[in-house]
Amino acid sequence: MRLETTAAATAETFPQILARNARQWGDLPAYREKDYGIWQTHTWRQVHDQTRAFAAGLASLGFGRGDKLIIVGDNRPRLYWAMNAAQMLGGIPVPVYQDSVAAEMAYVVEHAEARFALAEDQEQIDKLLEIRAQVSGLRTLIYEDGRGLGGYDGLLSYDQVQQNGRALMAAKPDFLDTEIAKGKGSDSSVMLYTSGTTGRPKGVVLTYDNLRRSAENAARIEGLGERDELLCYLPMAWVGDHIFSYAQGLITGLTVNCPESAATVQTDLREIGPTYYFAPPRILENIITNVMIRMEDAGALKRWMFRAFMALARRVGGDLLDGRPVGLADRLLYRLGDLLVYGPLKNTLGLSRVRIAYTAGEAVGPDIFNFYRSLGINMKQLYGQTEASVFVTIHPNRDVRLDTVGKTVPDVELRIADNGEVLFRGPGVFHEYYKNPEATAETKTADGWVHSGDAGYVDDDGHLHIIDRAKDVGRLTDGTLFAPKFIENKLKFFPHINEAVAFGDTRDFVTAFINIDLTAVGNWAERHDVAYASYQELAGKKEVYDLIADAVAQVNRDLAHDPRMEGAQVQRFLILPKLLDADDGELTRTRKVRRGFIAERYAALIAALYGGRTTVHFRTEVTFEDGRKGMVEGDVAIRDMDTARPAPARRAA
Amino acid sequence: MTVAQASPAADAATPILAVSNVEVIYNHVILVLKGVSLQVPDGGIVALLGANGAGKSTTLKTISCLLRAERGDVTKGTVTYRGERVDQLTPNELVRRGVIQVMEGRHCFGHLTVEENLLTGAFIHGNNRRQTAEDLEKVYHYFPRLRQRRASQAGYTSGGEQQMTAIGRALMSRPRTILLDEPSMGLAPQLVEEIFEIVQRLNTEQGVSILLAEQNTNVALKFAHYGYILENGRVVLDGDAAALRENEDVKEFYLGMAGEGRRSFKDVKHYRRRKRWL
Amino acid sequence: MLYREAGQFKTSYSADQAIFPILQDRLFVIALIVLAFLAPVALAAAAPGLAQYLFTEILIPFLVFSLAAVGLNILVGYCGQVSLGTGGFMAVGAYAAYNLWLRVPLVNDLIIVFLFGGLMAAAVGILFGLPSLRIKGFYLAVATLAAQFFLDWIVARVKWLTNYSSSGSVAVGNLTVLGIPIDTPMARYLVILAVVVVLTLVAKNLVRGHIGRSWMAIRDMDIAAEIIGFRPLRTKLLAFAVSSFYVGVAGAMYGFLRLGAWEPLAFDINRSFAILFMVIIGGLGSILGSFLGAAFIVLTPIMLNQLPGWLGLHMSTALISHLEFMIFGVMIVFFLIVEPHGLARLWAIAKEKLRLWPFPH
Amino acid sequence: MARAAHATGEVLLSLENISLRFGGVKALTDISFDIRKGEIRAIIGPNGAGKSSMLNCINGFYHPQEGRITYKGVTRRQMRPHQAAEQGIARTFQNIALFKGMSTLDNIMTGRNLRMKTGLLAQALHWGPAQREENEHRAFVERIIDFLEIQHIRKVPVGRLPYGLQKRVELGRALAAEPELLLLDEPMAGMNLEEKQDMCRFVLDVNDQFGTTICLIEHDMGVVMDISDRVVVLDYGKKIGDGTPDEVKASPDVIAAYLGTSH
Amino acid sequence: MRWGKLAFVGAALAASGLTFAGPASAQNEQFIPGLVYRTGAYAPNGIPWANGVADYYNLINERDGGINGVKILYEECETAYATDRGVECYERLKGKGSGAPFVNPLSTGITFALIEKAPVDKIPVISMGYGRSESRDGSVFPWVFPLLGTYWSAADIIVQHIAKKEGGLDKLKGKKIVLVYHDSPYGKEPIALLTERAKMHGFEFTPLPVTHPGVEQKATWLQIRQSRPDYVLLWGWGVMNSTAIKEAAAVGFPREKMYGVWWSGAEPDVRPAEDGAKGYNAAMLQHGAGKFAIHDDIKKFVYDKGKGATKWDEVGEVLYNRGMINAMLNIEALRIAQKKFGNKPMTGEQARWGLENLTLTAEDVKRLGFEGLIRPIKVSCADHEGTRAGRIQQWDGKEWKVVSDWYESDDKVLKPMVEAAAKKYAEEKKITPRDCSKEN
């Protein structure tokens, strides 16, 4: 069955859709969770029952319309159900990043005025208890996994809540159905806090209509159905997971599979072999880095085979996927390659059955993107935001271009503002920022256009190109355009570079902080007999500086090709002796660089980069999750780079 | 990261023992060590710390060439002793060069007496009876308990005495470097102190360099000069023992300190703070 | 490489505990069994001479010894009780089956005859397993060796067992299974194949279940096994019984379907050793290993013997024989050095490599 | 602490005047103490003090020449270890007595053996009851695996596991028997701090969630003093102390014989 | 590295499945398989026999250009005297080239196994001087030919000789006769006849088994020393023979009172015992050692051309001659069959006809150059033995000397036994015997 049924039209809210699913797909698997050694399967009917019991339980605790339910934990079926349960009662679930430290979480809890919270385990409960001590509003704490909580007082278990709920349902059989029926498409469905790269997190309020229509439109063009499989492994507080796992899961009836733990995602992915897959570029990069490192350890013959077939795949794999003509010999060779390399590779990565794969969130390197497509995986870029309920543009099937983020999805309109900023309008456009009308007004115009904050343009074929975050783009003192993300992305495409932060706005030249990738550089070091004992030692090695300098030089050469960027070559860089970390506030929880914060924190290093010194003493504080502080210090070297001159024969394009 | 400014390499220009980028694979498919590098300065006591399965024993066995017996292969990296590569030698040849390992779990010959056990360690220097007698005397000097128990069957001596016998046996080959695997395992606290004190005396009086793998971080960092922390087959942190003791992660995960005092075993959480190794 | 496991997830313990949890393995084994049943039939039609040699000299001995090796592996590999009496237990099976067949014409269906042979062997096995409670390792090996000699002696001396045959040699003929005459090599092969497939499945079921765990517990550490509640004697005797049953059935099949006429010498001490070698080379504690070991011990000498002929080398029979012995011996030593855990472990490593392909680890 | 509520004060096991000799060597001399239902009882003492022999007497591995052992109100003289198992006594060993050739899962499954009833024939066919039984026990064992957080090594042969994990598997096997009395012989030897913390958690949780009475031998005084309710101190086969951790810590005899000056 | 090894195993296992792929043979060649043992415990006896066979076939090809122009293609297969290896050889070779016309197992164990296969494969089993005694009854064993003598004949001849020395069969009463035998069907064969004869004449008969391969006989001979029998009969093979003679010398049992079967009466049996063997007796399968007319041809056409299977010195030894005779009878049977079926390679069925009609008169024997080696033979449907005569020879320390006249086994005793045994066999195997009186 597909989405076009009339039933979908009458079910406006997710609780209503769940009821429909229980009727329509009662015995089909809805959620699976790797637990106790096997994939415990829950059918739609079971999910429906469980959810209702929990909803009624919440009601018995006094949870009602407009109440917020904080949900914090790893991707667990019962946490997804709790969202639906809260919605049944007209409440609003507020998923929170599970790796937030207590202080971050406290802000959200307070801002959302939540009285109820559901936590996965002791770790989250401890944070919430700490918060409860500070934030008076938080009243009821429910936990999913009771391990270690035996000695705690005043907590409720998930099962207990369900028990209460069953009692309530027995007493008032019609209560829940009445509540569910009250729900309308225009009601608030969920609140997602976006941490953003600057300032305090904002609570994006999305309605059922926002989510449902966006999810439906995207699912329709991709042909998602109840036989599809998805592995949810990205934070539940992130809009992507909310729309793929929760909204599309309910709407299309696909099976949502929850991994056993964060550590087993790779294995679980391999077991499930999803048909529908999403990964941010960082993960895609990591996978390739791992593949390359592991292949380096293989015997000469295997390495040769791998290289030869990967070269072939790069040449014809994408064309085959897009249905462009390919010679017979190449086709046959590709088949052989599929047997020997691509097939096994996809299999070990768990991507054999993938029908649709998306990546988004950050720019993805063409090599990386192409790697997956050449293997025959239908990897596509997606452009979207929380404020848009994700979907703005998607690469159409068979029209995938490495340098664009695709075309608009149905019902979404696109406009480029005079200053180059991308504006969009569509069914998924958010309702408001919770308790923040100024910010809402700033972002969303009265007629529904949203300022994306990104600079970009639409080409003749209707594909959207994104250049950079609009507000990050600046100018060097000589007036050269400085687009930091553009440079950083180029740097990050090198497997040895994990993260980069470029500086240059209102400066004379461009400089950069580099974070090396421990796995990739570590492996490289082993191969080149560079002994090291720890990250900091490795980061300080001269050989590693040489290695990174090569990458920077390559980026500079690339930049030299572009007359607009020619002057923005990286002239000095340093390798940070510590990884940028969300706990230290250097990254957002979705791992985006918070450049303002970094510039402030490492002002001394930046001063040294522009002050001509070759080493600088580095001393900074790190914060542990439990609030304690530690100190890192050492000397950091600074490397000067030659700038490349513009290529003499510039390509016409 | 290196906690202290001074690295061991700076202490002694040429370390007596250097492990460089060693990768070890067991049974052809199981990767155990992923590029471990460490150095033992001449006359130093270096501790290898880490959880079970982190690769401590494997590192020691890599050095003492005992890996092959357990189906392990060194697939990358080198081990040098006094500037010479030794990773392809047999354990026997290595003992002749002055490196001996005292295995975990003690491995005494249970049916031999303590003295016979000690004498088995003297094989390496042939049949020089006077030399052997001297060595034996030296061992008894350091381990007076063994002199008392010299005629007892090793199998019937206590765990501590077996550990002493094992170390004593190693001493009989007149080693310059001893690799000690878990000397404190299964021993009462008093004995642990006793054994470590003897090890320290051997180090200061005889100039024997010692590389020890130990779970008991407290004791290890008390006696060692320098430490490496291994996790999942990698060195994640190294530094002077004193500096390591001050590291927040070491304090929390290896010494059981929370804030000011020791954290009670009763109050352990089901989750842990992420290790930062900074 | 051939293993594409993505998407093969288990939603129940039954699926997780299946003998071949990986789809590709399952398909492979099913295909192999189907092929084992059908291909020879086709071959027999296409090339009768070749098929006959294949049946009588390659496949039948291979299957029969595989079964015996499976039986011995249960005892040695799974339960850790060394036995050198396999030949003797085979003899018990063969002669018990012979006597039932001879003396009770009513039940001369081969299935019943073989079952009887197996059961008698099991009974004798229990008897000779009794000392295993007290003695272990080499000492037990010696005790079972005594069983071998004793049983050898019994069948050679008790004339009744050989129906007073003047030469001590017995012969069988006119065999039937469910009323179908078993008179061609192909028919014999198919009967053996069916028995081996069924009993192998049973063996696998036993060793992967509660009983198998009790055996392995005794093998790995009998003291600990007792402390968690296993009764050592019962467990060991069960292993002796099951093992001897398999060996007995193999013995009966060897006599009835391979030899047709046999003398006590067919089950002498060399047989015991050969089967023990199969188990060791194939891999202790591996059903698959029993088959690989049997294949190795049965087929390699034949192959080596004929190798010069294929290569077009003209050597004297004696030289070929000597070379065969030397090379075979070297191969055994070689394999045991390369992989002391047997061919099954080599196979497992190969499989693991295929699963990791193209990665090395 | 919630756990203390389990200790009812009722005596589960009492040992009276136990003496054990091997040939002429006295391993235990006239030792008496008891274990109360629901408590965590520690036995400490120097190496060779007779601690393991004590456990061996309790679970029927050794038979003391003198003295009486009363378990659940029944006094016994001779008992085989498998009988002890049947009566609900499970234990782990100082030197790890796992079945090295079997996987973690199979090892723990063996702990269920006393509850597995299907016979040879059903097992041979692996049909109906046998399979059902297997699955039921597997489900139980998976709870233990989950409890001990050893999911990732479920199918790894235990011989290949590092020491600390083997200890954990051994605990799992003992737990699988759902014992009333659990004897732990140096469960934390050879472990680093983190692993010890985990092990303490497991011991406490077992005691807390299942009300299992625990008797453990341990050298880490931090552990013993933190988690046990009462401590017996042995030295050279004699009892030199018995009481709460604080009492024992303060006893001069114990300090002299065992604790030494530091710690 | 490991991969290479795996590939090797794989190749080895795969290749062993290809064993049937033998070379195709030329059209007009008669394929003959040879089951021999040139290795193992019995090689010292197996080798000269195999040489005799090989040389004679060679002679036919070299001198006559084959059997009536049909060249012989002879292929040996090593059995090491092991039944299963022998059966494997048989299975491998029986279909080769023109197909095997017959098989000579040269081992009683292999013979027993092949007897079961002969009627199915339709390939005659020739067990010259060995095998299953009752198989001379062609009505029950149409495919088996124990030519020249069975073990019952051999035992009977020895008993007759002893009786003659004692002065008559009645003098055997009260005598003690011990049989030291190879504990296998071979060694057990004579027991039935000796038991029968003991019953008839009242002597005490004790069979004493010796375990394969027969190097350990101390206990047996100790028993003999204690029981002091009058005669010891020896049914040994290979190293067992020389060991027995040495043991007899050691315990002081007179070698003159020892009688071996014809498989215990060749040079390799006595030479290792050196002087100890002096006086030892053995039955002869008609022939003895020495060089006869045929050997001249062998020298001329085979050895002078450098194609001999052994050294010329060894030609003419007992077992060599026996192999040669065996080969000759094979060839003559084929020749007779060719008369009926034409000059082409014979099939098993055709060869069986030839064997069943094998008749060599004294002239034939002489013409063939075997005068002095064998006597005339006539095989028939009812009698697959053809002749059952023998003599006794004695080792004088250097060579074998014939010390008796010809004996013929007593068919009055043998025939009822043969018939009874054959009948029992037929019943067990549910075979309906054919009626020989109706065969021509």
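By written order: A, B, C, D and E. Residues from 1 in each chain.
As a convention for this text, a contact is a pair of C-beta atoms (placed from the backbone, for glycine too) under 8 Å apart; a residue touches a chain by one contact, two chains touch by 3 or more.
Since this is a predicted model, take the numbers as computed values, not measurements.
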What chains do chain C and chain E have as common neighbours? none
Chain B to chain D, fewest steps along touching chains: 1
Using CA atom means as chain centres, which chain is nearest the centre of all the protein shown? C
Comparing centres built from CA atoms, which chain ends up most distant from chain E? A
A-D compared against A-B, more contacting pairs: A-B
Between chain B and chain C, the Cα-mean centres are separated in Å by 48
Using mean CA coordinates as chain centres, what's the chain A-chain B distance in Å? 45
Per the C-alpha centroid definition, the whole-Å distance linking chain C and chain D comes out as 42
Multi-partner residues of chain A (each touching 2 or more other chains): 37, 147-148, 297
Find every residue in chain B that makes contact with two or more other chains and list them. 28, 30, 270
Which residues of chain E are in contact with two or more other chains? 2
Which pairs of chains touch each other? A-B, A-C, A-D, B-C, B-D, C-D, C-E
The residues of chain A that touch chain B in their complex are 121-123, 126, 147-148, 297, 522-523, 525-527, 529-537, 577-578, 581, 583, 622, 624-626, 628, 630, 632, 634
Listed in rising order, chain B residues that touch chain A in their complex are 1-2, 18, 20-21, 23, 34-35, 37-38, 75-78, 228, 234-238, 247-249, 259, 269-271, 273-274, 276-278
Where on chain C does chain A make contact in their complex? 1, 3-13, 15-16, 356-361
Please name which positions on chain E make contact with chain C in the complex. 2-3, 5-6, 9, 12-13, 15-23, 36, 38-39, 43, 47, 50, 76-78, 80, 83-84, 87-88, 91-92, 95, 108-109, 112-113, 115-117, 120, 132-133, 183-186, 188-189, 191-192, 209, 212, 421, 425, 428-431
Write out the stretch or stretches of chain B touching chain C in their complex. 25, 27-31
